[in-house]
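As written, the chains take the letters A, B and C, and residue 1 is the first residue of each chain.
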Amino acid sequence: MNGRAASDNVVLRSLAQIGDCGLFLLTLLAAVPRSLRHARETVRQVWFIGALSLTIIMVCGLFVGMVLALQLYHVLSIFGGTAATGEVVALAVYRELGPVLTALLFAGRAGTSITAEIGLMRATDQLAAMEMMAVDPVAYVAAPRFLGGLIAMPLLACVFCATTLLGSHLVGVSWLGIDNGTFWSNMIAAVELRTDVVNGILWKSLVFGAVVSLIAVFQGYTTPPTSEGVAYATTRTVVASSIAILALDFVLTAFLM
Amino acid sequence: MSQRKSYAVGTGLFIVLGFATLAYLATQTTSVANVRLGDTYTVDVEFANVGQLKERAPVKVAGVRVGQVKSIDLAPGKEAADVKLAIDKRFDKIPEDSVATIFTSGLLGDQYVGIEFGHARKMLADGGRLALTRPAQQLEEMLGKFFGAGGAADNLGGTYTVKARFSNVGALSAGAPVKMAGVAIGSVASVQADPVKLDAVVTLAIDRKYDQIPDDSAAAVFTSGLIGSQYVAIQPGGSPDMLKDGDELVLTQSAMQLEDLIGKFLVNGSPGEKKPGTSPDASAGKQ
Amino acid sequence: MTDSARTPSDDEALVRVRGLTTVLSGKTIFDALDLDIPRGRITAIMGPSGTGKTTLLKHITGQMRGDAGEVWVDGVNVPALDRRQLFALREKIGYLFQNSALLTDFDVFENVAFPLRQHTDLPEELIRNVVLTKLQAVGLRGAAGLMPSELSGGMARRVALARAIVFDPMLILYDEPFVGLDPIALNQVLKLIRTLNQTLGLTSVLVAHELEAIKQVADHIYLIANGKVVAHGDPNAIAGDGSPWTRQFFGGEADGPVPFQYPAGDYAQALGFPGGAA
């Protein structure tokens, strides 16, 4: 902490943040067994983080699917390959767009709310009050939100992918007149369970979920207890999460594909 | 307390929904069905050329899936690929003299192994071998046969030039080959638009060796291969007079927009049918 | 260390602070502070803003650690405790935060029940009884279903008080309990502090500025300034003590040992008058 105050350099400050964040992750993981005592709180967080993000995830997924189908149809029609629309949508969404866009939306919707909530709990002494009631705030506040994000992200990514297919089907089949059977059969022939669904959707979204929740919880937990501090912390959550998601996406794609 | 109940119920619903979509994505939109196998028996096949055939590609009889390709190997020192087919036990009445062929589903689709039944009484058993095979048809070769492949003609004997007018030359450009009966006899010297007649004037440089071309021959702009470059084909006529330097070919046929043709074909055709030959056939007939 | 970690528990003082020295970002908060808080009494800690009264409470609960010195609470030296022991100690201490610090996610009932649910596996029936008893004691049994955002400042303070006493602690620390309360709410809190101390037999420590209110409840007053105890004693005696500190603080004078002017350079020079420094 002293080191951070001393260094004005942005690079050093970012490095110090990453270091603090890593240490925080260790604290968090150490608190996870204790937080199982508060399993009910984790369930509540899955509701707040996951279930309440469903609307934005589904609406965005629908539109992403629709615009993808529209664009692909026009490009593919040049080669007479419009029947491949479903296949290309599915591959693009399963492998990249699904996990990445879900994670970005998740950072914007759930990440900020986690940061703001914990930041406000810090600012209004609720965390200190828990300390005083001999309740570990890391185990009671931070860990359930982290776990909640970890559980919710892959599920949200699945829902996002499904609504994307729905959106592309709406535009491709119902509107642009691609044959329904070809749309699905081409997709089914092209998509593979392991590389696309497991490595694509599940692994990526799990990693993104962990990273975004960690950043959100960390920023909230370490924010200066002022309204200004909370405002900055939420901004930092979105910025840091977005960078982390896209950078990790590259790394994961390189490793998993 | 009722508050807490609703969280739990809502969270449960959310998780069930999430797993349901996962199950849906995993089973209904993937080829997981292709991966899952019932009891199968293995048949060995040897192909001279497997083309783009991949493992887990379908094996079909009469267009219906009966199994999949288990492995593709090339034994060292051999020129033929060893392909093992895993065929569903239910389909155990395949005659031993059946023919295995590598087909392509659609023009640009994946390849699969098709089995055409023979007439032998003896049926294939596990570890059996299909002796009769036909290798993958290389689309390029097929098209090449239709359109006639060949390099530019050698200009050793010098050339003479002939003009031809086309209402549409497509993507024809200078340097493109001029072919007769599929064999290159010269090249396109220039492609220019006529400012008065508003058509394209193509100058053909034809090798002097080929000076016995009737002057009522027709010139047409064709495309070599599906997405290949265009060339000028000369179809000899019956006139006793031969073309001379500076003559003009009167009968011309403009470029067919092959992309349009294939576009229509791809959209309308169903993927299972094999129609790649249809379109080239049509244009080849004119040659 | 084990030898000095425990002292006889029949010690008169529940909290004993010895030689506490704390420096926070270059500023000396406590300078070898000595202080005793007797059992079963209400002790008020007063002093100018920024003298570290709240910081002192945080030292007693182990939320902060001094750079030197000892803080003995019920016979254990707080700075020497590990986290587990600290949590065990805190279960015996009630703490009333300045802004009440109610958990915004829960209603009043669940806020009061929170420590019980976290530390015990009592049946729901018993939790309900305990919580309603405590809420009745602060007069808010009827507000059990409200959310913290629906409470006034005084009500929130009382809910927080109910939560602080739900485990029947031996020591309760009040951090500025009167701030921002109207006279009615202030008197309600005042009455609660007094009755709780009498009926539950606990020890209370009060950090506050309201002299009149403190005179009504406190048995003992410590006046802290510049990191030291500058005066202490009976509320009535201390006001008439006559030291410059007490005169300024209790007399409410603008200038005195606590200067009106924040330390600054020469005024005339700052305004640019030549020769100002001379």
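We take it that contacts are C-beta pairs under 8 Å (C-beta built on N, C-alpha and C of every residue); 3 or more make two chains touch, one makes a residue touch a chain.
If you want to know which protein each chain is, UniProt gives these names: A = Intermembrane phospholipid transport system permease protein MlaE.
Note that the structure is predicted; figures quoted are calculated from it, not measured.
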{"item": "If a chain touches chain A and chain B alike, it appears here", "value": "none"}
{"item": "Per-chain Cα centre nearest the global Cα centre, belonging to chain", "value": "A"}
{"item": "Distance-maximising chain from chain C - centres being C-alpha averages", "value": "B"}
{"item": "Chain centre separation in whole Å, for chain C relative to chain A (CA means)", "value": "43"}
{"item": "Between chain C and chain B, distance of the C-alpha-averaged centres to the nearest whole Å", "value": "86"}
{"item": "Chain C residues counted as touching two or more neighbouring chains", "value": "none"}
{"item": "Footprint of chain B on chain A - complex, ascending", "value": "40, 43-44, 46-47, 50-51, 54, 77-83, 90, 94, 151-152, 154-156, 158-159, 161-162, 165, 182, 184-193, 196-197, 201-202"}
{"item": "Chain C to chain A touching residues, read off their complex", "value": "61, 63, 87-88, 90-91, 93, 95, 97-99, 101-104, 114-115, 118-119, 163"}
{"item": "Chain B - residues contacting chain A, complex", "value": "4, 7-8, 10-11, 13-15, 17-19, 21-22, 24-26, 28-35, 108, 110, 259, 262-267, 270-271"}
{"item": "Residues of chain A that touch chain C when the two form their complex", "value": "120-121, 124-126, 128-136, 140"}
